[in-house]
């Protein structure tokens, strides 16, 4: 009996040191990185300039009370830069809450996107649903901005995306996993939002189209809106129909879009889009006079603009809509199909079939 | 009591997501993975039917007892030892791969062996309980985790980010390829849940009817297709091949905007900790019982009167279940 | 007879042994006055023997009344005496008269298992009264009572109850066997008996449950379980129980279905949280802060910055303090007790009237608060205080509410006895 107890005690004592083996690192010994920017530094030996915005925690949360510091370092690769950064701060860097990654415009033009993506995708603590964007003129200035309205550091930029906070219709949301998929996919190309500064705020109303390496095309805010509606079916947008004395504006509450390829061996790329909404701006009694006609006019106008955008994107040689993937899926990914599509795409015709349905004219006639 | 049979079928379907099967299938996604699915579904269903029908003839007896009834002791013991090896290895594979995953995502700094040791100790303790306790543990954990896992799967299935073109491409192109052996074995894993009957048949009452067996192909096919196609839909036809922990990354691509935890990944890993421990508990318990059966005598009162032809058929089928499992694991060790 | 008894008992001061003589006949009588009901003694023996004495009638009474037992073996005389019986010798025959003093004549009030809507009566420390309570609630002929008289130093009666049609025979045999083989020491309470019945010392999950509620016992009997009652203990033992029985309050039986389901769910969720939260806190704070939402992570980060110890020490300290304070307030009622009012104020001198009336009381509280103050500045225990305070206050409020609701017990469910 005593022997048994002694054995048990020995067992427990041997297990106790194992408990200390888990590398305990308390939350107050960690720095939360809230956004990270990667720039090109013009120094061939150390081309990557990494800027990290570190949150200084406080137990009080109030408007404008967000405290943070920005650390910058140059190195030969992103991983080394982060390693160097660790020696300049007194706590462990924690990327778990970093959901904004800003790639400098120059970095993408000089170095492409691939090297940065390698680092981002390899780290286990970086969330797949992080937002990736292009910083203009550079990533550092976007990381360094501290908007006055922020309640806690990094929040402002984060809320700009998706429908998390604001529902701005010309902000393209690209998650890390989506970007990675588009980088490798045949017939589907990446698209990134472009973030720049606008006084004391961020301005994310443009999009950049990339091939697998570099940027090919920058869209202006109106085109970004059109792209968002046709490619992602983003809700809460507006369509304007030029009119005198003031434009007729439809606030679209619900949008669905679907791409298709019609016409067998000589395909036409069809974008079916259905838009529902209310009139937000119109002369009195306009809707009652010609409901169908107005819907038709708006649809036609939308289709024309969208086709213009599609041809522009096609001529830049990129395919963010995934027409190529759709073509391959339609043709069983057969041999030589991909080469054939690459020949077909530069001359493909587009047909945007927009059906606008006006639900009403708001609260007044 | 029939529900305990289906618990096994269900949880092996769910485990399918976490073990190496999706990884194997996805690495063969362009050659023969998809076309072996129908074959696997047919074969798996057939095996489940045959095995359960066969064991229905021996209510209250596990495979070791059946061996002892009809074979000389030395042969029965040899077969039992084969069973021990197969079942224990199955547990070890899952334990190892899952403790790796846990190590990567939860605590990369800690020693991998520590993780492994803790999980092994927990499983060992659980496996050394009585069969009935193991069954009850299984039931409780499964009831807790199944709804949430299904919720995550359906959340992924109905996500806007799921690219149906990629799924269509893989399915359409893959079905035109000849099926491959590896993929057939890998994808029939999802149907191996019924195999637990080899031991747990001991607990089945005399008048047990295996009702609702037609659901097996549907359940199996659902989990098989989801585990293969959802990662492809999320990561595209090409990039999906670059990921090592396919399903962990896929669930990380989901987010619970209003949840207590925002990252689905952690919820998912937590639930699969349950399931993995459950799997290891079940397999090791079966292994232990097979080993124990080597030292037990079976009363010969039962079954001598069965017709000889029945015995032959029964034995071949019951043994076949083991052989199939062994084949599968030998390929992937 | 008296000499023989004095041989075994000695001459304890609380023992009366007399020879009564009414002029016609003599009677030897002995008893423990403290354990006997004097009214019964008077009505049953003294009056018939003294001023209404009729030798024939008295003899007839001794031989026919069910209060008297004769032919009791000599060895058991002392046992009967120690239980509160009266021993008398008349005309060479020895009789035992049952005149046990009953301490309780009314059911107790529930103290531990409060219920809002159910009956408020609880078991008492009197076995007969307890059996009455059960028979009233579970009024079927199948209810069986078996008596056990353990040969230990307390010799309290034990009753085993079950429903004849529903009980499991093997369980019943096992319990009977265990009841017969109790150890020989003192058996003071039902809890002790339950411990002996379960036989495994280090069992994590108990197989017996203690209850003070006759309604809970009736429900369990109706499910086919067994109940053991011990004379002198106001708790009954239910067995065998499983885990879920402990999470079941009697109100679940009386509330509307959805309400009780919700409450049961609430209970299980709370249990899981109680089990997991400390561990989860450590694991999230020290290993995976990314699991939290950003806001929460930053807030915890800010508040943790002032704590000098690692998270697990913090949690262990917190758990220890809470347990210690609860223990102090629960069991050590008279000494070192903290109630809600004392724990709440951090400044002992702030809001109390100085001097004057009740000085002694104040002094007493001062000591206690000062005692508490000693520890207070060391650790940031503010949070735990408020937590504890809420618990204690909640408990006293619930109790107060129950007390207020109670109706007089005898107004309820007194069976009408027909002659």
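Letters A, B and C name the chains as they come in the text, with residue numbers starting at 1 for each one.
Everything that follows uses one rule, which is that a residue touches a chain if its C-beta (ideal position, glycine included) is under 8 Å from a C-beta of that chain, and two chains touch if they have at least 3 such contacts.
For reference, the UniProt names are A = Ger(X)C family spore germination protein; C = Spore germination protein.
Treat the numbers as computed from the prediction; the structure is a model and nothing was measured.
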item: Distance-maximising chain from chain B - centres being C-alpha averages; value: C
item: Result of counting contacting C-beta pairs for B-C and A-C, higher pair; value: A-C
item: Between chain A and chain B, centroid-to-centroid distance (C-alpha), Å; value: 38
item: Interchain centroid distance [CA atoms averaged], chain A/chain C, Å; value: 66
item: Intercentroid distance (Cα basis), chain C paired with chain B, Å; value: 51
item: Junction residues of chain A, two or more chains touched; value: 22, 25, 127
item: Residue list for chain C, restricted to those that touch at least two other chains; value: 287-288, 290
item: Chain B, residues touching no fewer than two other chains; value: 107, 263
item: Partner chain A, residues of chain C touching it in the complex; value: 285-290, 294-295, 297-305, 307, 310-312
item: Residues of chain B that touch chain A when the two form their complex; value: 104-105, 107-111, 114, 117, 161, 163, 165-166, 168-169, 172-173, 176, 234-239, 242, 249, 252-255, 257, 263
item: Contacting residues of chain B [partner chain C, same complex]; value: 106-107, 260-263, 266
item: Contacting residues of chain A [partner chain B, same complex]; value: 18, 21-23, 25, 121, 124, 127-129, 164, 175, 177-178, 180-186, 188, 322, 325-326, 328-329, 332-334
item: Partner chain C, residues of chain A touching it in the complex; value: 22, 24-28, 30, 32, 34, 55, 57-61, 94, 96-97, 125, 127, 152-155, 158
